[in-house]
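Alright, structures below, take your time with them.
Both of the next two complexes hold chain A, though its partner changes from chain B to chain C.
After this line comes the complex of A and B, so read on.
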């Protein structure tokens, strides 16, 4: 499909038409926090904000009922939940959050253990990605293989001031663009050149810094001092994992009695002590610094080894919302420094006190 | 640089150099000028990174039970109560602490600041100028009176007992103003229920409130996450969140100094101090007990006196 142009004043009309496809979610500013909410009469989207809460939970819900069971006279009956999900569109999702779903796919849709309700939700959701014209201070997508203008999701749009440039990236993307037929014009060669220029400019707008490689991190895994000092201020709450667009660890819990009940898949967090608590009381990660190490290693080492992509999209939410201002960029810089230092100076670097 | 900060760094460097303590816990600069971050200074050089200003909103007492060695800690006088309370419960040893009280002019409430200025991330060069917060946002100068953006508790700040501290830096010079009530005077149980059900819709149960709280030291054994007894359910929703927060409020009753660390830690900006001040009022009325005043008095809910049976909290 040819790239399109949508005049700014026609955006609302397109949004209205999208409602015929399914539920439409967009960034909405709440009283205290911003998040992706269902837009209908009375709820106005605000495309200028990078939301406090990522849209992850719209597809990978915090508590998902996966089955219900009853034990009757005919024996045990198990009913799978999750069939009643309607089509939905997430409109105005930023490239980082959009790319996060590719990372979740790698973890949750892998052929050995595909996550059923996630796969259904994912299949029925169309992502309309809005290029990030105003990256924030805590954004670092370019360091983790992303870009504020990254072409990800099913439709990609970029704000050109008085008009939007719209490009469908998949068949379902084409379908939702077609819903706005009549509102769009074909993009001209000049539009395309302007967009290419903007893509380059936006990429440059987010500062890049050296990050450690998988090998680097594996080498410092045993460096207790490094991790302990890194974790000095960490409170070991689950804020960073719950606001992270790519964190996906979950556990299974049953609620009910021997006669009937429900089984849920609920978010878990590697920052919690009981995350690794095993039968018999054994727990390999009792100390909080080991849990922080796990989170960093999973994102920047294990996930790359397992799936070939970095497990972080650089959205900066964990930096912005951390109660003690822990800065993951600081970790990446420090780890890179420690690893590139010659053996003799590693001790010197470790003695350096960390303040941010 | 502020004179206070010079003294603060000198004191920290002195303590470390003399070997009186192995570490000084204080505040330093973070990625945002409107947000300080905890600093753990183990050497003289690190002491030069310590700061103190109205953006130092972390209650550092939360870290103390982690350390067995002798440490020094900077504290705002109002939050010294957290240390007192931990001492009263036998969680800390006074001999292992060098407590440095820092005179405070009031601490900025990040939620109020966010409400007034939009995204904190866009605030450049935020600083205190006299009784104002000055900052820049998209090249536009912002100037807000401190009284309008500080924590509610800072407007009711009272004098403190200097004898508790090993060192005092600066002279008490706190703000005085009348806080705008956040809750209607005639709020009854039904009003509160409606209020909390709405607020707790946002709760993600990340437990940042609990982890930031010096009184919540159960840490990894919190009953909210028990695998055995299910005190809170699996489903997400305001009812389950209310159960957790009510449970926490009862567990810290008579031990909570209402420092507000929980509220400031909350990524969803849930006004948790309102819950804890309600409980605090009831404790004070029932037991004539003020939290954080005496290190030799155990919390009232850990003792039993027959006459307390007769009292009514309402």
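After this line comes the complex of A and C, so read on.
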């Protein structure tokens, strides 16, 4: 499909038409926090904000009923749970949050088994990604293989001032663009050149810094002093994991009694001390620095080893939300620095290949 | 699409008391007719609906598919509830999960099986398989240790194991209480290795027990010139999903539930944790 142009004044008209496809979610400023909310009459989207809460929970819900059970005359009956899920659109999701779903796919749709509810929700959801014209202070997507203009999701749009440039990236993306037929014009060659220029400029606008390689992190894994220093102020509150668009650790809990009830899959956090506590008392990650190490290693080393992608999109929410100002960027800089100091010269720092 | 969390109802057809706190449960699916197809060393997630779910080794022989067994020690809240179950009660089963012992690799090899405490559980299916298919494997040596004689599991199997050709069983306990007759070894299970007659060049070693025990066993085996690649260990971690998603059982980049629970020693050695580091 040819790239399109949508006049700014027609954005609302397109949004209205999208409602015929399914539920439409968009960034909304709440009283205390901003998040992705269902856009109805009276709920106005605000595309200028980067939401405090990522849209992760719209597809990977915080508490998901995974089965229901009853004990009747025929014995134990275990049933698949879950209501009918309608089509949905997440409109105005930023490239980092959009890319986070690709990372969640790698974790949750792995070859062993697809996470059932996640895969259903993911299939029914269309992501309309809005490029970031103004990066935030805590943004570092370009350091972790992203871009504020990254073309991810099903439709990609960028604000050109008086108009939006709209590009469908998948068949479902084309379908929702078609819903706005009549509102769009074909993009001209000049529009395309302008967009290409903007893509390059936006990429440059987010500062990049050296990050450690998988090899680096494996080398400092046993450097207890490094991790203890890093975790010194960490409270293990888990805020970073709950607001992280790629964190996906969970627990399974039953609600009910032995005769009937439901089983839920519920977000959990590797930062909590009982996360790895086994029956009998064995706990391989009792110390909080080991838990912080696990989180950092999982995102910046294990994820790359297992799936070939970094488990972080550089959205910066963990930095903004941390009550003791732990800054993951400082960790990355320090880790890269420690490694360079031990294995090579400082000059090598600037042209390191993270995936080497 | 299939919902991988669905558990299948299974009825308890027999319960055998192994020790004061450990029982072996015989199970049979009530609806699923296919039985359980598994490799020894794999595990099931057992559900007690309303209480939760946990990973437990399958302890019966894989050659009997229509029934299967789990040997469960009372250690926490879920196992506490399981301990109260009676014959005729129903549990939910999903599985099997995990890697299992490399039985294909073990064909025609001698097997050195070393276990501590309830760590014998995931090895029992393998032992039974080696007895039932006596011509498929070489000699089998089982070296088993526990804290006290009363903590030994599968004691009712020992005569059967001992009477099979070319199978030797060695036992040891840390402590023999006064008044108990104990004709076998005393001390750590590592002490039993001196009785081994099998040639490490044509053998595989299968180990399960506390990590500290496995560390010393691996060290001793390497001294006895077992090749690293011929040593296999079964690890244990808390799990929720069994499908490499929930994140609990990770050791380095590996998931114990899918990459393990049985790992070769070189795999464990490559992990950043130095878990079973066996410096010689």
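Note that in this section the second predicted complex is superposed on the first by the 340 of 356 C-alpha atoms of A that agree within 3 Å, B and C clash if a C-alpha of one lies under 4 Å from a C-alpha of the other, contacts with A are read in each partner's own complex, and residues count from 1 in each chain.
Methods note: a contact is a pair of C-beta atoms (placed from the backbone, for glycine too) under 8 Å apart; a residue touches a chain by one contact, two chains touch by 3 or more.
All values reported here derive from a predicted model rather than from experimental measurement.
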Note to self: Following the superposition defined at the top, how do chain B and chain C come out on chain A, clash or fit?
What the structure shows: fit
Next item on the list: Look at A:302 in the shared chain and tell me whether it touches chain B only, chain C only, both, or neither; answer first, second, both or neither.
Entry: second
Checklist line | Partner chain(s) touched by A:325 [first = chain B, second = chain C, both, neither] | finding: first
Next item on the list: Tell me which partner A:284 touches in the superposition: chain B (first), chain C (second), both or neither.
Entry: second
Next item on the list: With the two complexes superposed on chain A, say which partner A:253 touches: chain B (first), chain C (second), both, or neither.
Entry: both
Note to self: So in the superposed three-chain picture, is A:104 touching just chain B, just chain C, both, or none of them (first/second/both/neither)?
What the structure shows: neither
Checklist line | chain B versus chain C as contact partner of A:315, first or second or both or neither | finding: neither
Note to self: For the superposed arrangement, I'd like the angle with vertex at the C-alpha centre of chain A and ends at chain B and chain C, nearest 10 degrees.
What the structure shows: 90
Next item on the list: Could you tell me if A:96 is touching chain B, chain C, both of them or neither one (first, second, both, neither)?
Entry: neither
Check: Which partner does A:206 reach: the first (chain B), the second (chain C), both, or neither?
Finding: neither
Next item on the list: Pick one for A:294: touches chain B only (first), chain C only (second), both, or neither.
Entry: second
Checklist line | Distance in angstrom between the closest Cα atoms of chain C and chain B, superposition on A | finding: 6
Note to self: Let me check the overlay on chain A: which residues of chain A are in contact with chain B and also with chain C?
What the structure shows: 253, 277
Checklist line | chain A residues touching chain C - in the complex, by the definition given at the top | finding: 66-67, 69, 71, 75-78, 80, 107-108, 110, 112-116, 119-120, 218, 221-222, 248-254, 256-259, 261, 263, 265, 268, 270, 275-280, 282, 284, 294, 297-298, 301-302, 305-306
Check: Any idea which chain A residues touch chain B in the complex?
Finding: 30, 32-33, 49, 52-53, 62-63, 136-138, 229, 232-233, 235-239, 241-243, 253, 255, 264, 266, 269, 272-274, 277, 286, 316, 319-321, 323-327, 329, 351-353, 355-356
Checklist line | Complex contact set, residues of chain B against chain A | finding: 28-32, 35-43, 45-46, 49, 58, 62-63, 111, 114-115, 119-122, 202, 204-208, 210-212, 219-220, 225, 227, 233-236, 261, 264-270
Next item on the list: Give every residue of chain C touching chain A within the complex, in rising order.
Entry: 1-9, 30, 47-54, 75-79, 90, 92, 236-238, 240-241, 243-248, 250-253, 258, 272-274
